[in-house]
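Below, subunit A partners subunit B and then partners subunit C, in two separate complexes.
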Partner chain A sequence: MIGNVGAVFLFEWKRSLTLPRMAWWLVLAGFPVFIVGLIRFGVDSAHPNAETDRAPRELWIGFLFALIPMLISMLGTMLWVTPAISAELERRSWVYLTVRPNGGVAVLLGKYMAAVTWVIPPALIGLLAGIILCRVSNGWQIWWALATMVCLSTPAYAAIYLFLGTVMPRRGMVLAVGYSLLFELVIGFVPALINKLTVHHHLQALLLLWCEMDIPPEFMQGAVALMGNTPEWEHLAFLLMYPPVLLTAAVAVLRASEFSSSAESDV
Partner chain B sequence: MTALIDLVNITKYYGRFRALDDVSLQIHSGITGLLGPNGAGKTTLIKVLLGLVRTTSGHGRLLDFELGHQNREIRAHVGYMPEDDCYLHGMTGVECVQFVAQLSRFPAVEALRRAHEILDFCGLAQERYRTVETYSTGMRQKLRFAQAIVHDPPVLILDEPTSGLDPEERQVMLNRILVLARDHGKAVLLCTHILPDVQSISDAVVILARGRIQVADTMVELNRPTTPSVEVRLMGDSDRFVETIRGRGIAANLQSNGGILLQGIPDHLATHVWQAASACGVGVRSLTPSRNSLEEIFLSAVREGGSRD
Partner chain C sequence: MIELQNVTKLYGKVIGVNDFTLTLGPGAYGLLGPNGSGKSTLLNLITGQLRPTLGTVRVMGESPRNNAQLFRRLGYCPGSEGLYASVSAFEWVQYLQQLQGMTRAAAAAAARTSLELVGMTSAMDRPISTYSRGMRQRTKLAQAIAHNPDFLILDEPFSGLDPVGRHELTSVLLDWIGLGKSLLFASHVLHEIESITQSFLLICGGRLLASGTAEDVHRMMVGLPNDVALRCSDPHRLAALMLQEHVVDSARVVGETVTVSTRQPARLYDQMPAWVKASGIEVWEMHSADESLQALFNSLMKMHRGEQ
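Up next, the complex of A and B:
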């Protein structure tokens, strides 16, 4: 089984070394750098003679957080793993892969691993370049904190999107976009128990705990209301639980499903 | 003889559509042709065998493994060549075969060795180093065949293995299947629309129509006519010969292909044929026991299947 997953993982990596995929890799790495660079340029142009940075440190950290452990991790994994099954169904290669012992599960887990290892490097490179452009104090500490978040959020988001793509392969992308907008962006900000189910909530809590943000007391009250007083280990446990739980669920769904491509729908 | 595939009362519904209707079937070693018109249930039957779909009712066994319960074991022992032209983009032929061998639990190096060995057997020479997108139909067919047999499975399910091949390539492919069945002891389920392929290499035939088994028998039994008869071909006046032979109390019919069908036991008829030919002054070009044609059997089975509905 491990050998099968390894074979799919290597195969997917080999397949990803094409020009379009490499271009997409560069876009993932370059997008946050471009946005942060644009803001940096705007701030510097508005205050050319300022001795200190006019944009507060918390603003830069907030931008980097929203762009990298959130957006890049979400977008990269969504485009990679959501069509894990539907792409093979469309290429009609699904049947080839599933008629091997544990073939379907190997495809699922191999693609998951390939997606996670493919998305993390551009996110970390983009983060490094972004930190340099921001010129925030304690840059390395911020890089380390956000990089850890990338390593937590990418496997979690990949597991979520893989699960959604397995539950509904034909409409997986719609489901994934709907989930991201509704759950991660809306419900993640709702101060209720349900927000604990979002990756966003736990990442936000870790951001406050790890990045020594200097937040005004009136905002801090709101943040505590949103985050609660949950200890750090609980946030970490939640984020680490996503991949095993959702991958197990995806495998169970896969085993219970009868996927067929349109061409195979012949009786 | 123990059946390699044993299905008992298998029924499969897709929603309200009944794709397989109470199918009971035993398939033994050798080559078995699986025939049926479009929509007969052949693909569903194959999917049931591979555990790709669950049956609505019934049970079955493939080798020593229960269908639907031991899918992993079944897939390890079955080689499947799908009809669809599916290939893995961006890979060379040898990489494709190596990849599926790895998925069949072979280590990378052993998988590569097997891939080369099988591609040699399948006749893919230097083309194996080209990406599969550049392959012709024949090459893709060979590649699909190689992927099906790379893990040396005892049972092969081949869906339209000769479609799209030119006559020479078709014969070569059939020979390969024969070699695997005869020399390597594989059980082959050959699903095709090309009746001469089945006629030429199959040991048994299964005909499905509307989800039901219409015919399941050996080729020897199917070829045997219901009433024994011989087909005679002559050089000379056929009409006079027919009159003479009928005068001997033997039923004779002149056929559209120019042959004369005589009803009776072949050994008994031979003497009458030679005597009548001598009396009429015609030469006997051939005298062969007549056989049922697979086409007639197929058409009658399909008509029967249709009329039952």
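Up next, the complex of A and C:
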């Protein structure tokens, strides 16, 4: 079984070494750099003679957080992992894979691993370039904190999207976009128990705990109301639990489902 | 080898397979049925892609759903294309053999051997997108036989092959059967199956209508109308001639083509050269559609419904 997953992982990686995919890889790495660069340019242009950075450190960290452990991890994994099954069904290659011993499961897990390992490097490179452009104090400490978040958020988001793509392969992308907008971007900000189910909530909490930001007391009160006083280990445990729980669920759904493209079933 | 007990598969309100009961021992079998008859649904049930709505499916004594052990002994060549355009046949077959549980080196060796067996050695390193339909068909077959399964299931394997390709594939499959391996081969063309095996299963409307040898099928077809189309210089006169001789039941002329329906095809084929020579009509093309088979299915369906 491990060998099968490894075979899918290597095959998917090899297939990803095409010009369009490499271009997409560069877009993932370059997008946050481009945005941060634009802001840097705007700030520097507005205050050409300023001796200190006129944009507060917290603003830069907030941008980097929103762009990299959140947006790049979400977008990169969503586009790769959500159509894991539907792409094979549309190509009508699914049947060739699933008549192999544990073939379907190997495809699911192999594609998951390929996606995670494919998304993390551009995110880390983009983060490094972003930190250099931001010129924030304790840059390495911020890089290290946000890089750890990337390594936590990418597997978690990939697991969520893989699960959604398995539950509803034909409408997986719609479901994934809906989930991202509703849960991660709206409910993640709702101070209620349900926000603990979002990756966003735990990442935000870790951001506050790890990045030593100078937040005004009135904002800090709001943040505490949103985050609660949950200890660090609990946030880490939640984020680390997403992949095993959701991958197990996806495998269970896969084994119970009947995936057969209409062309293969002439009835 | 295969045991189906009262298997029914419903797609919502549409019946894919209807109360199918069948027991097959080891050997080679042809699954014959028109397009839309339920062949692919049946094969999807046998390969565990689908779960029966009612009844049970056993293959080599085991349920095929999510059965890793069974899949090691099963080779399946689906009717759909489903190949990755950007990879080569070698890479694709090797990948699928790795999924079969082989090491990378063993999978490479198995891929090379099977591609050689289907005559794809010279083209196996080219991207699949550059292949002809026949080459893709051979590649599909290679992935099904590379792990040397005990039981091979093929869905319309001759589709898209030219006569040379058909002949070569027939040889490969006959060699396969000669090794004592089992084969289930679905097609809607009688002579394709006939070239491989003498054991037939006739399926139509999701039901098993009949089973037997090729001779049994031909015996059933005796007396059923057989359509023959002829393109000639004077279709009206040729039609009149054949009707006058009471060889055909009906004739229809469209342009240069006369299509006749006959219950005596042997007599028609026997006497045609003499009529053509005597009348001076030039016949440019003669084509016998396999309509007799469709007529057989229609007739069997009526019998099945108790209408005959």
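By our rule, the second predicted complex is superposed on the first by the 267 of 267 C-alpha atoms of A that agree within 3 Å, B and C clash if a C-alpha of one lies under 4 Å from a C-alpha of the other, contacts with A are read in each partner's own complex, and residues count from 1 in each chain.
Please note the rule applied: a contact is a pair of C-beta atoms (placed from the backbone, for glycine too) under 8 Å apart; a residue touches a chain by one contact, two chains touch by 3 or more.
Predicted, not measured: the structure shown is a model, and the values here were computed from it.
Undergrad: With the two structures overlaid on subunit A, would subunit B and subunit C clash, or do they fit side by side?
TA: With subunit A as the common anchor, subunit B and subunit C collide in the superposed model.
Undergrad: Quick check for you: in the superposed arrangement, does A:Phe11 touch first (subunit B), second (subunit C), both or neither?
TA: In the superposition, A:Phe11 touches subunit B and subunit C alike.
Undergrad: Scan A:Met173 for contacts with subunit B and subunit C and give back first, second, both or neither.
TA: neither
Undergrad: Mind working out whether A:Leu108 is in touch with subunit B, subunit C, both or neither, as first, second, both or neither?
TA: neither
Undergrad: So, does A:Arg91 touch the first partner subunit B, the second partner subunit C, both, or neither?
TA: both
Undergrad: A:Val150 in the overlay: touching subunit B, subunit C, both, or neither? Say first, second, both or neither.
TA: neither
Undergrad: Which region of subunit C runs into subunit B, 224-232, 242-250, 278-286 or 296-304, after the two models are superposed?
TA: 296-304
Undergrad: From the superposed pair, tell me which subunit A residues show up as contacts to subunit B and also as contacts to subunit C.
TA: Overlap of subunit B and subunit C footprints on subunit A: residues 3-4, 7-8, 11, 14-15, 18, 91-93, 95-103, 106, 258, 260-261, 263-264, 266-267.
Undergrad: Would you mind writing out the residues of subunit B in touch with subunit A in their complex?
TA: By the definition above, subunit B touches subunit A via 14, 17, 19, 38-44, 47, 50, 52-54, 72-73, 75-76, 78, 80, 82, 84-91, 95, 99-100, 102-105, 107-108, 147, 211.
Undergrad: Quick check on the complex: what are the subunit A residues that touch subunit B?
TA: 3-4, 7-8, 11, 14-15, 18, 91-93, 95-103, 106, 258, 260-261, 263-264, 266-267
Undergrad: Which bits of subunit C are touching subunit A when the two form their complex?
TA: 11, 14-16, 35-41, 44, 47-51, 66, 68-69, 71-72, 74, 76, 78-84, 86-87, 91, 95-96, 98-101, 103-104, 107, 143, 206
Undergrad: Which residues of subunit A touch subunit C in their complex?
TA: 3-4, 7-8, 11, 14-15, 18, 91-103, 106, 255, 258-261, 263-267
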